[in-house]
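Next come two complexes built around chain A: one with chain B, the other with chain C.
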Partner chain A sequence: MNNKTTNDPEKSALIELIYQLGDDDFILAYRGSEWLGLAPHIEEDVAFSSISQDMMGHATMYYHLLEALGEGEADELAHLRNPEAFRNAILLEKVNGSGTYLDKPDYDWAFAVVRNYFYAVHKQVRLESLRLSSYGPLADAARKIITEQYYHLMHWELWFKQLVTSTEEAKKRMFSAVETVWKDFGGVLTLGPSYSEMVKAGFIEDENLMKKRWLNRIEKMFQETGVPLQGEPLIESGNGRKREHTQDLADALATLSEVYATNPASGW
Partner chain B sequence: MEAVLQSMNLKEKILLALKEVKDPEISSVSILDLGMVEEVQEIEGSVIIKALPTFAGCPALHIIERDIKKAVSKVEDVKEVKVDFVFSPTWTTDRITEEGKSQLKEFGIAPPPANHVMGEPWSIDCPYCGSSYVTMENIFGPTACRSILYCKSCKNPFEAMKPVADMN
Partner chain C sequence: MQAGLRFEQLTNEEKHQHFMERINRGEKIEADDWMPDDYRTSLIRLISMHGISEIMGALPEKEWVPKAPSLHRKLAIMAKVQDEMGHGQLLLRVAEDLMAPLGKTREDIMQDLFSGKLKFHNVFHMEAPTWGDAGMIAWLVDGAAIISQSMMLDSSYGPYARALKRICAEEVFHAQHGESIILALAEGTPEQRELLQDSLNRWWTSLIMFFGPKSAKETGNSNADKNIMYKIRTKTNEELRQEFFTKYIPRIWALGLTIPDETIHFDDDTQMWIYQDVDWSEFKQIVSGNGPRSQDRLDLRRRSYDNNGWVREALAAQKAI
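This part shows the complex of A and B:
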C-alpha cells in the first residue's frame, strides 16, 4: 500500500473522488435527518436517525482526508462551501417531498426507501472497490465504513422487499418511486469528468464495472420481487459530479449551515 | 498502592490512567476494555495515544479525546499528550476484553458474540437473567453501537452491542 500522490492531475483526481464520496454521504445523511419524528413508526425513527448519524460520520471521515490533502478544515468543507463546490449526485440532494420538517411536511416514504436502498447497494459496491484503493488512507477509511454500511444495506433491503411485495397501494407507490429514482440514478453511478485519471491511478475501479455490479444486484432483487426492469439508469436532472445542482441543495445547505455560519469561530 | 505505582514504568502508569477513562455513553466500561486503545507511544514525557473509533459517527469521540488528555496529563513525568484517532486496524467487537464484557452486562447491555462472522446468525443472552429466549426489536438503538431487544423470559427490554467484524 502506498500513499503516493505525486503528479498534479493524479492528485486533483483523488481530491475530486473524495469530494464525491463525502458529499454523497453528507447530503443524503442530511435528508435522512429531516425524517426524524416523521418516519412511519418509532422504531424506524430510531433506526433511520442512527443510520443518518453513521453516514454523517462517514462524510466527516472523507472531509478529514481532504483536510490532510490541503483542502481546508473538515468543518468548513461541510459548512462554508458554496453549492457550486459540491460534487454529490443530484438525486441525493432532492427534497424528501413537499413542505419542510417545520411546515406541513408531506414526505414520500416510498421515495426515501428506494433512494436509500439503491444508494446503499451502490455504496457497498463502491466501498468494496475502495478498500483496495492505491491511496492507503482511502482504503483504510473504506474498510472502516463497510462494517457499518453492512447494517444500513440490510435495513433498506428489508424495507424495499417488504413494500414491493405488500398491498396494491404500496406496490403502486414503490413502482412509481423506482421510476423517479431511476431517472437520476445514473448521476450517482458516474465518477464525473476526471474518471479516467482516478481509474488509471488505481484509486477506484472503472465506473462501468461498478455500474454493472450495481445493476446485477438490483435486477436480481427486481426479478425476485416482481418489479419491472427499467433499462439504463439516466441522469435527467443534471450531473452533480460536474458541480451542477438544483435549488434543493442551496436550500439544504442554507438550513444546515445556519448555526455554524453565524459564528464559525465558536466550538460546538 | 504507592509501592506498586513506584515499581511501574511510565507506560504502565499511563495504561493505568487510561483504565479510568470511560465511554461517556456506557459509563461502566473503560476505553481500554472496549479495545479502543491501539498504541501508547512515550518519548521523554511526550505521549501519543493511537485510538480506534468504535463507530465513525460516534459523537462521544471528542469527549473521549478530552478525557484521555485529562487523565494522562495527571500522570507524573508526562509533559504532553496527543490523541490520534486512526482507522487501521479497524475496531471490531472482538477487541472488547472479558472484563469489558462483564462491565457491559452490568450496564444492561449484552456483550457482542466472540468470533462473529458478518451475515451469520447472532445469538444473544439477556444480560439480566441469562435467557436466550429474546427477540430483536430494533437492530439500531439509542447509540450507533447498540441494538434494542426484549427478553421473553424475564420480560425486560435490554440492549446489545452490535457485532462488528472485519469484513476484509
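This part shows the complex of A and C:
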C-alpha cells in the first residue's frame, strides 16, 4: 500500500477530507448491506438496499478521486488499508446490534433509523457545502451525489417521524437510540486535525457552521415531534478523523476484504 | 351491465366453460374476473412460492455482498440482491390480490413460510461457501430461472405475465453479472479455477432438481399438468431442463469445466440430453425444510420478524390515527 505523503499542506488536507467522505459512506453502506433480508418488511428491504447501494457508489466515487490524486487504486483503498488508515467517524462503524449478519443478528431498527437519519441530514449539509468546493472534481461529485441523497434523507426522515410519534414502546426505543447516537455524533460533525487547512483552501466550509446547520434541522424535528433536546453532540468513543477506531471496524474490514485479500493482484 | 347480470345467472359449470373458452382464445384473466377455485389456488401456490423464493434467494447471495472482491463487484451484487427483493415484493402483491377474496394477507404468507407450509426453491436451501458460488448462483441459477420464467411470460393470468415481463428483463442482467464473475475466475489463477470447478460440482445436482421431477410419478401430484391445462405454463419440467442443458452445457464445456456427471451427452436419435437422474426423495427432503441451510435461513427471517415486532405495531398504530 503506497500512501504517498505530500509536503503540500493544502493537498494533504484535500486528501484527508476525501478520505473522510469516502470512508464514512463506505462503512455505513456496509452496515446497511448487513440489514438485507432483516428489515421490518419487504418494501423496506428493497428501499434500504437501494440506499446502501447508492452509498457504496458514493464511496467508490470518492475513492476514484483519491486514485486521481495519487493515493493508489480505488480497490486497494477500499480493501487493503489497515483500520488505522481509515478516517470514518466511529459512530458509523459500530455494529447494528448483537450477532453478525450471518449468525443470530439481533439488529436494532431504532438505532438504524436514528443513525441513518442523523447521518443523512449531515450528509445533506456537507454536500450543500461541497457543491461550492474550490476543488472542481469534488464539487462535481457532490452535485451528482446530492440528487440521490435527497431521497435517502426523505426516507429516513419519514421513518424517524413515524416511530417517535407512535406507540409508547416505539418512543422509548427511539429516544434511547437518540441518546446513544448523540454520544458519538460529534465525531461525524468534525473535520479532524487538518480542518483549518481544508477551510482556508475553500474545499469545504467551517465545521462549526455546518454543525449549527445540522443542529438547527435536527432540533426543529425534535420540537415538531416531541423528542427531548440533547445539547451538544459528543465524541465519546474516540475520534475516527484522528484514525482512532474500535474492534468493530477491524472486524468489518476483515469481512469486506476477505476474498480480495486472498489475491489482490488477480482479476476478480 | 346486461351481459354482467346474465353471467351471474350462469351455473358454475357454464361459468367454467366460458372461462376455458376465454383461456383457449388466448385472453388474459385479470384479478377481479371470475375464475374457478382451483385456478385461483394453483396461482396462489405458484406465485407465492415464486415470490418467497425470490426473497429467500437473496439470502445466500447476501452472504457474499460485503465480501465481493472489488468495488465494482460489490455494487453489482448489491444491485442484484436488491432486484431479487423487488421481484419478491412485486410477486407477493400479485399473490395478495388473489388471496384477498379468501380473507388472507401478507401475514399469512409469512406465517406459512415460517411454519414450512409455504415452500421455496430447492437451490436456496443449499450452502454457498465460496465466492465461486456467488458467481454460480447468478450465472446458472438465474439462468435456469430465466428459462422457467420465460415460459410463463404468456401466462393466462395477466398480472403474473406482466410481473414476469419486468422480472425477466432484470434477470438477463443477473445472468450477465454471474457470467462475468465466472469468466474472471475461469481466466484467473489455478486456485480461482479450482474454486469454480468446486462450485459447479456443488451446484450441479441442485440445478437438475431446480426444474422439478420429470412426471407426476415422482411427485405424486399433477400441479404441473393442471397449470398447463390452464395455460399458466406451457412446457413440462423435462422440456425446460432440456432447454437449460442445450443452452448451458456447451458454455460450461467451453470454459474447460467438467460436469460432475460422466454419463451426460446429447443423444442424436432422440434429440435429447441423456443424464444421470437425481434422487427425488432427497429433493422432497430439501424443499420440506431439511436442506443444509434451510433452517438457518428461515431462522434469519423468523428472528428479524420477532425483533421487528415493535416496528410493525408502531406502523399499525400510525395507520390507525
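Throughout what follows, the second predicted complex is superposed on the first by the 260 of 268 C-alpha atoms of A that agree within 3 Å, B and C clash if a C-alpha of one lies under 4 Å from a C-alpha of the other, contacts with A are read in each partner's own complex, and residues count from 1 in each chain.
Note that in this section a contact is a pair of C-beta atoms (placed from the backbone, for glycine too) under 8 Å apart; a residue touches a chain by one contact, two chains touch by 3 or more.
The structure presented is a predicted model; accordingly, all values stated were derived computationally and were not measured.
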item	value
Which superposed partner A:147 touches (first chain B, second chain C, both, neither)	first
Touched partner set for A:131, first chain B, second chain C, both or neither	first
Chain C versus chain B, contacts on chain A by residue	C
Touched partner set for A:170, first chain B, second chain C, both or neither	second
Chain B versus chain C as contact partner of A:63, first or second or both or neither	second
Partner chain in contact with A:46 - chain B first, chain C second, else both or neither	both
Chain B versus chain C as contact partner of A:155, first or second or both or neither	first
Footprint overlap on chain A, comparing chain B with chain C	43, 46, 50, 53, 56-57, 60
Of all residues in chain B, those that touch chain A in their complex	53, 55-59, 86-88, 90-92, 118-119, 137-144, 148, 162, 164-168
Chain A residues within the chain B interface of the complex	43, 46-47, 50-51, 53-58, 60-61, 131, 140-141, 143-148, 150-151, 154-155
Residue numbers on chain C that touch chain A, as the complex places them	55, 58-59, 62-63, 65-71, 73-75, 78-79, 81-82, 85-86, 88-89, 92, 131, 181, 184-185, 187-189, 191-192, 300-301, 303-304, 307-308, 310-315, 317-318
Touching residues on chain A, where the partner in the complex is chain C	30, 33-34, 36-43, 45-46, 49-50, 52-53, 56-57, 59-60, 63, 74-75, 78-79, 101-102, 104-109, 162-163, 165-167, 169-170, 173, 252, 255-256, 258-260, 262-263, 266-268
